[in-house]
Amino acid sequence: MHNFCSDNVTTIAPEIMAALERANSGPAMPYGNDDITRRLEQRVAEIFERSVAMFPVATGTASNSLALSAITPPFGAVFCHEMAHIHVDECGAPELFTGGAKLIPLGGSGAKLTPPVLNAALAQEWRGNVHHSQPAVLSLTQATECGTVYRIEEIRALAEIAHAHRLLVHMDGTRFANALVSLNCSPADATWRAGVDVLSLGATKNGAMAAEAMIFFDPAMAATVGFRRKRAGHLFSKMRFVSAQMEAYLTDDLWLRNARHANAMARRMADGLAKIQGCRLVHPREANLLFVTLPHRVIDGLEQAGFGFYREGGVRTIRLVTAFNTDMAAVDAFVIAAQQLATGGPVTMTA
Amino acid sequence: MHNFCSDNVTTIAPEIMAALERANSGPAMPYGNDDITRRLEQRVAEIFERSVAMFPVATGTASNSLALSAITPPFGAVFCHEMAHIHVDECGAPELFTGGAKLIPLGGSGAKLTPPVLNAALAQEWRGNVHHSQPAVLSLTQATECGTVYRIEEIRALAEIAHAHRLLVHMDGTRFANALVSLNCSPADATWRAGVDVLSLGATKNGAMAAEAMIFFDPAMAATVGFRRKRAGHLFSKMRFVSAQMEAYLTDDLWLRNARHANAMARRMADGLAKIQGCRLVHPREANLLFVTLPHRVIDGLEQAGFGFYREGGVRTIRLVTAFNTDMAAVDAFVIAAQQLATGGPVTMTA
Amino acid sequence: MHNFCSDNVTTIAPEIMAALERANSGPAMPYGNDDITRRLEQRVAEIFERSVAMFPVATGTASNSLALSAITPPFGAVFCHEMAHIHVDECGAPELFTGGAKLIPLGGSGAKLTPPVLNAALAQEWRGNVHHSQPAVLSLTQATECGTVYRIEEIRALAEIAHAHRLLVHMDGTRFANALVSLNCSPADATWRAGVDVLSLGATKNGAMAAEAMIFFDPAMAATVGFRRKRAGHLFSKMRFVSAQMEAYLTDDLWLRNARHANAMARRMADGLAKIQGCRLVHPREANLLFVTLPHRVIDGLEQAGFGFYREGGVRTIRLVTAFNTDMAAVDAFVIAAQQLATGGPVTMTA
Amino acid sequence: MHNFCSDNVTTIAPEIMAALERANSGPAMPYGNDDITRRLEQRVAEIFERSVAMFPVATGTASNSLALSAITPPFGAVFCHEMAHIHVDECGAPELFTGGAKLIPLGGSGAKLTPPVLNAALAQEWRGNVHHSQPAVLSLTQATECGTVYRIEEIRALAEIAHAHRLLVHMDGTRFANALVSLNCSPADATWRAGVDVLSLGATKNGAMAAEAMIFFDPAMAATVGFRRKRAGHLFSKMRFVSAQMEAYLTDDLWLRNARHANAMARRMADGLAKIQGCRLVHPREANLLFVTLPHRVIDGLEQAGFGFYREGGVRTIRLVTAFNTDMAAVDAFVIAAQQLATGGPVTMTA
């Protein structure tokens, strides 16, 4: 596979496909009243070292937007980075599910928020003033849209500010596993122990077919989620096939193994590209996304050679995403092609 | 399988499971920009004998509610039977996706609407009067929640009334295949040739894992659907795995074969139960659902014997649903057990 | 005035016009931070004999829908009579403000709900079942759309059922004063002492220009109302001119005096019409609305004579509404004209 | 009046109060089916030199948000200045009424947008991409929240960009009259001839009690507004009392006379303050709002002297607003007091 467009162009990990087969062995009661879903809830509780309220869904947009809707009133405000997926790439899903809450986009390099930025945004006297949307939630993306990763202490610092202003903390964990292996800490340390109240845990980009989970570390916050999920059309009748994916994902460290491979491939690619004249990493490499500045002719040549990637709007920067099943040979081929193009030589190996 | 609770307790048909395996052979571009989804669109056009706008989703609630939202303004009214799934069983999903449109529940035996009922509802002078929700859509369920099936001429009569009042016609086809084989007509005859504008075509209950499709017979009506699907979180990144299910479903008549089996099992069960003293079918058997009145002790005995089914609220009526993979032996066992219980004898064969 | 179409065709009561003049004597801080609004809140508390949360708005639809939105989740259900203004005449405003909650229309003669009807509706096992909108509110209209009035004990019986099912009780009091003088009891007895949680108190139809108030008898229920009112565009910058109307309305028994006159005029009209052959009151006369069945030629003749009233759809029934300023001579003229038309004679006195 | 907090702290202009009295002379049919509303529509058409669709409402938030909801799909995006009232001060009303559309805040000095800023925002490839809210509307505030005024050619330039990207142009004209007299051009030149599609015309801040109007220069764009206004609770039964205010406002140049006075008072105040050491106008004075930087002790002294104004958050800047009825003596008193405070002397004249 020479397609570095996204980790969502990937196939299903064999362990997850096998779990789907197993889940298909006989009938089961619908809507989550099945053994697999019950086991999954226990598994999530074990992994996160506390009892949680857990709701499987099938898309990241559903997971993010429904989670936000449970903790944001319709007149609420969600503070997030201006590059956050919930703000830029969900066509207004949080607005739909919350009933019209407002997302407040904030700046910060590498798609990361910082305490000064958050403090400045919260410094305005909004609380209790009926003219303004009421601060309700801070949403952090982990790993970020730039492939960077919040350190534990960074999460804690932001969460403390948020909680001091009576905001709850949501984490968009579409690539949570990639961040986790990058941080090399426990799931609990990376989330609730650092102040995260609700996690949207992704699996789809890291080997599942379509499986995500909303995890509320305080089950009391989740009182309305079952109803919200149903009325959004995200309660699956044959739920066990969503739960089975997530269960396999969280079994035998599959999620971590997959993420480690993806991150390793990104590192290998970054190391290779670093040696190329005129090549520059736009953000630190910390997970499985690279934003790389290259000469135009290199970019054009790579495209012509058949490599798949996205160009960022109007600039000499491309986005490269590695995945759980990225072939090391593909990475090497890409690096070699880039080197050859950069030095003016012909590309001897095509994708 | 002795579980007659619903056709959503079933496994995945082997042909569909095989299609998922095939779809997993390599990477593919996301969000429906893949070959399988393109093929599916052509397949649907062939089957329905006209070009359509087709949108795969994963749940029936999403399919119904998003389809309605595309053709109902927020101040609109959707006329449906008072037992319609969209009114009773979706926790307000149509209201969410339409932005607050109103569902107008109407009566009628066997969960079927009739021209007099619809005419009476539309006779009020609502059109253009700003005080009232504006009539926008007639939604018919085919097969109905009672297991009955609208005849072609019944659909046509209702659609003509609807169109005369400038309403569009939506069909909730969660069990469309069961209705189609019952009617023994072409998909086109059962839908747009009879006046249906939009079909929510189900596959999940008839052998798929999670696959439905919104089919707009006039693509111009679907201009907003892509955006609505995305902002509802129902655009799957790995869409090909939804499309692959639907493609397999519509290939080699799988949908019709599965539905014929389900209907045949319902007929066999109905015929068997008809011989029991005190047993009465509440509605005509026309698809794969039976509502059967039985003596209390028979119902209790069947439950104790391990058969799965739902009791209707507070009465001596049970709902029995057969499916694409219902075992004839299970049907026969159920009938025999009911007979033995009805005649006061012991149940010799348990589920 | 010979216009009996509605009590909303009326002018402004002189006492209320004078209050507007007085409120215009100088500048005042906006958005309710003014002395008049503060006084009004105290006045409402006095009249209802308890501290309340009170929110002036300018239309009955706003008052009803915002009040409902404060106590109904987006996945909630509001039980009301099928003729209720909130269900029939607000173009989906409750659905908009609640974010898509469902109104459940129930039957009952005279536009009144009864315990058996409510019990039957609540008997379905909906609580906690994610497939169904969750029962949240019972809304009663007092006086009803038919001009009938709930007795105190009727309210109490319905409220007890509602509370037993964990519903809150909303009262649409567009014509609350008309009901109150009909019941001849205190405002407290007619509301919270009988189990009403939230009252939408109307003044517009009884002499105001545009003034209504949401009154929450438990202020804790009103925590979100300020924000909801603002984001619905119903927070007036020059609020004092709304509050001043309501203050005048509740001063020196103006609301009761106005309502007594309106009711008395309705009684006089009913008594007069009762003597006419072929004339029949459809509902008991208890407030200021009459629904009267008359021969077609009488109805046509009254229209030709210039009297204003609405015909009910397709039948020989007309609606007559009296108001705070209905002229006794106009009532008598109407009765005489109807008598003359009924007996075949010429109409000697025109409107 | 020494209150310079806002033009919404003002009384009602005598001409408008007189119009309310006249409108109260007799009954009238409700909901805008009255002579005054019909006359108003004609008057607006005359003033703007074309036939329009016109909808009176009572608050600016309603006028803005309902107008936007008529031209923005729920998945749409409205581009506006980051200080725009619709973005900052309406608690999410546009989001509510549009069903969740997104406001995109843009920068620019003096609360004015510029072509480069708008072009940059629109340069992203959003059109037709289902992942992103779809560009729908450009909203300009005239006069702006900073008291600046868009020149005709500035409006035209922005509108041309908007239209080239298939956006419609909305103008928040809360202080439209103040801008108009500042521009000294015709209403038509200031709006549709410069590319404005919809105007929210304010009167409340310039002498009315509560009167605004949505004016659609292409009536076809207004097809849904009647329904939207009703379901938002903004259709007044006694509409004539809203229309009467607006009619008086637009009669005998009252709106222009009032605005000229307000602007003149702002100019007088600005000229006076300009002579004070350490006093600086933050934005050009072009309408009736001033943002003035003053030494802390001057600001404190003015407050202690009883003058009313708002302090901007955390800085030495105050906002001063003049109105249709601002007393020249009050302006002079304020300037003198500021001068005395700035020069260290005692304040000899208190507010």
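Read from first to last, the chains carry the letters A, B, C and D; within each, the first residue is number 1.
Keep in mind that, in the parts below, a residue touches a chain if its C-beta (ideal position, glycine included) is under 8 Å from a C-beta of that chain, and two chains touch if they have at least 3 such contacts.
Note that this is a predicted model, so its numbers are computed, not measured.
Contact count check for B-C and B-D (C-beta pairs in contact): higher for B-C. Chain centres computed from CA atoms place A at the largest separation from chain C.
Averaged Cα coordinates give chain C a centre that lies 35 Å from the centre of chain D. Distance between chain B and chain C, defined via averaged C-alpha coordinates, is recorded as 42 Å. Centre-to-centre separation between chain B and chain D, using Cα means, comes to 52 Å. Counting partners per residue, chain A has 74-75, 90-92, 95-96, 99-100, 130-131, 227, 230-231, 235 as the residues that reach two or more other chains. Within the complex, the chain B residues that touch chain A are 1, 3, 5-6, 8-12, 17, 20-21, 24-30, 57-63, 65-66, 90-93, 95-97, 204-205, 209-210, 227, 230-238, 241-242.
Within the complex formed with chain D, the chain A residues making contact are 74-75, 88-92, 95-96, 99-103, 123-125, 130-133, 313-314. Considering their complex, residues 31, 73-75, 99-100, 130-131, 134, 224, 226-231, 235 of chain C touch chain A.
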